[in-house]
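Note that the chains take the letters A, B, C and D in the order they are written out, and that residue 1 is the start of every chain.
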Amino acid sequence: MSEPFRPGGDGVRTRLFQIIFESDTPLAKGFDIALIAVILASVAIVLLDSIAAWEAAYGEWFYWLEWGFTLIFTVELALRVYCLEKPWRYLRSFYGIVDVLAVLPTWLMLILPGSWETLVIVRLLRVLRIFRVLRLMQFVSESRLLLDALRRSVRQIILFFFSIFMVVTIFAAVMYTIESPEAGFTSIPMSIYWAIVSLTTVGYGDIVPMTSLGKAITVMLMLIGYSIIAVPTGVFSAQVIRAIREERYSDEACPGCGHDKHERRARYCLLCGTWLDETSADPRLAAAGRYGEPGSDE
Amino acid sequence: MSEPFRPGGDGVRTRLFQIIFESDTPLAKGFDIALIAVILASVAIVLLDSIAAWEAAYGEWFYWLEWGFTLIFTVELALRVYCLEKPWRYLRSFYGIVDVLAVLPTWLMLILPGSWETLVIVRLLRVLRIFRVLRLMQFVSESRLLLDALRRSVRQIILFFFSIFMVVTIFAAVMYTIESPEAGFTSIPMSIYWAIVSLTTVGYGDIVPMTSLGKAITVMLMLIGYSIIAVPTGVFSAQVIRAIREERYSDEACPGCGHDKHERRARYCLLCGTWLDETSADPRLAAAGRYGEPGSDE
Amino acid sequence: MSEPFRPGGDGVRTRLFQIIFESDTPLAKGFDIALIAVILASVAIVLLDSIAAWEAAYGEWFYWLEWGFTLIFTVELALRVYCLEKPWRYLRSFYGIVDVLAVLPTWLMLILPGSWETLVIVRLLRVLRIFRVLRLMQFVSESRLLLDALRRSVRQIILFFFSIFMVVTIFAAVMYTIESPEAGFTSIPMSIYWAIVSLTTVGYGDIVPMTSLGKAITVMLMLIGYSIIAVPTGVFSAQVIRAIREERYSDEACPGCGHDKHERRARYCLLCGTWLDETSADPRLAAAGRYGEPGSDE
Amino acid sequence: MSEPFRPGGDGVRTRLFQIIFESDTPLAKGFDIALIAVILASVAIVLLDSIAAWEAAYGEWFYWLEWGFTLIFTVELALRVYCLEKPWRYLRSFYGIVDVLAVLPTWLMLILPGSWETLVIVRLLRVLRIFRVLRLMQFVSESRLLLDALRRSVRQIILFFFSIFMVVTIFAAVMYTIESPEAGFTSIPMSIYWAIVSLTTVGYGDIVPMTSLGKAITVMLMLIGYSIIAVPTGVFSAQVIRAIREERYSDEACPGCGHDKHERRARYCLLCGTWLDETSADPRLAAAGRYGEPGSDE
């Protein structure tokens, strides 16, 4: 999207930058893998620490491990800031904010005891940073394929959610009128919750229709939900197929003969030989000019 | 579908029409957005008003906001009627009826206190009008793509629902025979409700099989439901793919050489140069006639 | 599949046959629609009759309506048998058996009172006959498309169900070992029932894991179920796409030049002009033989 | 994958090998079918034996049947080992281990009474061996198609599960903060269990949100789960379509003219006649060399 980050001038900072921010060298790949491991481990500690029995048994272990991870992340953040040309730009970026939030809560605990709970959310946000690692690894092309298909599907998906909103609101209002509050339909928002539970085929069963008419309407809602899942699936499938094809073939028509299925690497039309790259001159014409017409400006 | 609405004659009415019924000018787009906002806000008030605690706390606010929205919708409806050439045709159309129903209930409340409940449904119907706004906006082509795919899928989808009706009725009748009324299978219609809850993979759990045989049959029903979701999805996916392709390419074969993948804008066959537009004459032939054969009637 | 039924000889029987067994004439289409209506009404009576309150209130009405429908179906069956050349072949066919079973139970009631219950199942089997009506109507081509896609998908779907059977059996055996009978895992078959309820994302909630390990394994099973729905959907989508394409195009290669995308109606290769129909002689060659080579056997 | 197994030298062992390890002859196919039947029957006994009432009634029958199946499997394993050139390689392979584990538990029962329970799991592992039988039968090509599509989808599917892990962890942490332990959200791992139950649309209903805010967040999670099912389905559909097409056509471009849709069996480009097989010489050129240029080294 935006301009990539750049290392600060000297050799040590540039080498650090290559290890931390890039993933071309074996050392940089090793750093990525180690970082993923530490992040997963640190998330695991947060998860286990939330179980009362484990907290009682291993609370002190978790405490020191938590500090260990915080120190690792702090050092890593310091190195990131140190090796960048414009550290403030990084700190104001999404990943920079997540980096800071990953270490801030534990440090705040020294000053503000009892803020342990808020740490949970902040730490989990850090998990999102793994996406960057993924993006730098082998998953580039596939990820781009999915994102491309998603971007092309987004209008139909919005229209789809708009339709769902209509259907759900109308069914919820109808059921609110038909069913009694004792069945759980205490308000229209509660009915909307029930309608989405039913339409998405989740079906908790915490709110179910009690009357015959309510059950008949529920049947309609469930069949709608069961069928319209075909809409996002169909749209997304079509776009993935298009994205896979376009990864290899260009859809642009040849200016000479109209043929429109050339491989991306093609430079000449495979049917009529016309030069396809409109942003530059045909080297054959340039060659013809150079040798065949003496006195040209080349 | 039908003939579009037209503005009444003079300048003020035509300008009003352009703002309210079209969306080409900035003012018209602003009107559309404001209308969506007012409709959503008015729906939100209805939703919140249905929560007993909120009604008790903010009931009076909701009452006056409700009147405010009703006045806005009434004025808007009056303007719509005023600026149209044939106002009665609009009032008898789907959107016109919804417009009237959006304001009628609140006005009826002045005469008939206690009819507040029916207002809920009527107001929600008004939400459907947002579709018109969507249709007028950027979503045109995508929406057409979905509708085109749906229209082509409709026969298979009907056949699909017909099959579901068969399966569900037979399983319901079998389960009604096997399971006891205590398990919830009190009648065949109730068993059909259970069968659809199971087939659509909603699975509330309010009615579940108790006997071993009933569970074995349920397993079959659930596997059927889990598999046949592939049918509408497959049909719709295929039609979305076809609709996307046909948006760009025509499937009609060239009368000269049989080639059948021309861009929609193509006028000559890209392989043999035959004139493709069968509804008019080839301008090349016309030109040949004009210059090469003097004395022709051109 | 098999040889179609044929009318018996004389004019009245042939005309009856055209009305009952075909659907080309307006009278025959009217008969089809009337038959669907009577069948649906007769099913509706069975459904409503199974609700205790309705049976108590309208039991006598249902009784006489039931006899009315039975008489209609009996007369219809008699006419079918009368107008056919080989009535026994029809009575031994699937539809013939269903026809007999549709009227038999009510007649048996005169002799064996109390057999009312078994009638329910038999009557519902009759609903299946509507498929024949559908097949005779406009739905022919679409239905063939779906059946063709299903037939091509059947091996992968079988393999898919085989995989599900593996997964479900293994998870059920593991959960039977981990979870206690109090949680509902009283036997491996019961665990299989639970596993299919979970894998198909139905999720009744009548049997749920209680232990942490059981919940972790359940998470795996649910994610498997959520993902592998892509398998039948993907296979079926691909086959529907192929079926739609093949409805218009033949995949057979031209014996002359290898081009393999001809419209079904094509008789000559569109690239090299080779005669495509291998079951008959090229009329051009025949013509050449007739006129160019005197003395040929034509 | 690896080198196939080979029979030991003499005639009896080779014939045994053909029956047990191959499936070309009628005898070998009969052996395969008999083996599937015995395996399914032996699994069925394990299933039924786990039902307390059946065990009480038919426990002795099950015991002797169990011994019967164990003897059959033991003899079969002995024959497999006997007829192979390298029996140890087989015993160390996946299928060999499963074979041993299929008979080991029952034999261990003679020595270690009470180890009956562990037998259940081991026996079920044996079910997996049916895949080999399937692979040897008619299902070869389809199975390869599915595996090929799966292999190509695997990166996107991994990315998909990675996204699910993100979504689920974040929603679980948020819900753990919002909802009370009384509603079932006793720890973050328990919240993750709930989040996956909701996202996969299973919806047991054993843990459901109690607060309004929790329900609003649940609605978001359910809509996400309902929509992103399109991702694996879309990716897999696209890959099945590609696999079906590639089964027949090669995507490699002709070195002569760039045409890139040749049947797999094609040896010359159908447009320009260029020799397509880059791993060998064009026989036409060789022929030209042999006859046209005397003195060549051929």
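What we mean here is this: a contact is a pair of C-beta atoms (placed from the backbone, for glycine too) under 8 Å apart; a residue touches a chain by one contact, two chains touch by 3 or more.
This one's a predicted model, so the numbers in the text were calculated from it and none came from an experiment.
J.: How far, in degrees, do you have to turn chain C to put its CA atoms on top of chain D, rounded to the nearest 5?
T.: 90
J.: Using mean Cα positions as chain centres, tell me which chain lies farthest from chain C.
T.: The chain lying farthest from chain C is A.
J.: Since chain B and chain C are copies that touch, is their contact same (over half of the numbers shared) or different (under half)?
T.: Different residues, largely: of all residue numbers at this interface, under half are found in both copies.
J.: Check A-C against A-D and say which one is joined by more contacting C-beta pairs.
T.: Output for the comparison: A-D.
J.: Taking each chain's centre as its mean C-alpha position, how far apart are chain A and chain D in Å?
T.: 30
J.: Need the CA-centroid distance for the pair chain A / chain C, whole Å please.
T.: Once rounded, the distance between the two centres reads 42 Å.
J.: Residues touching two or more other chains, restricted to chain B: which are they?
T.: Chain B, residues with two or more chain partners: 189-190, 192, 201-205, 225, 229, 233, 235, 237, 241.
J.: Mind listing the chain B positions that touch chain A in their complex?
T.: 43, 46-48, 50-52, 117, 120-121, 124-125, 127-128, 130-131, 134, 138-139, 142-143, 145-146, 149, 157, 160-161, 164, 189-190, 192-193, 196-197, 199-206, 225, 229, 232-233, 235-237, 239-241, 244, 263, 266, 270
J.: Quick one: which bits of chain B touch chain C in the complex? Just the residue numbers, please.
T.: Answer in residue numbers: 155-156, 158-159, 162, 166, 169-170, 173-174, 176-177, 186-190, 192, 198, 201-205, 208, 212, 215-216, 218-219, 222-223, 225-227, 229-231, 233-235, 237-238, 241-242, 251, 253, 257-260.
J.: Where on chain B is chain D touching in the complex?
T.: The contact residues of chain B facing chain D are 201-205, 233, 237.
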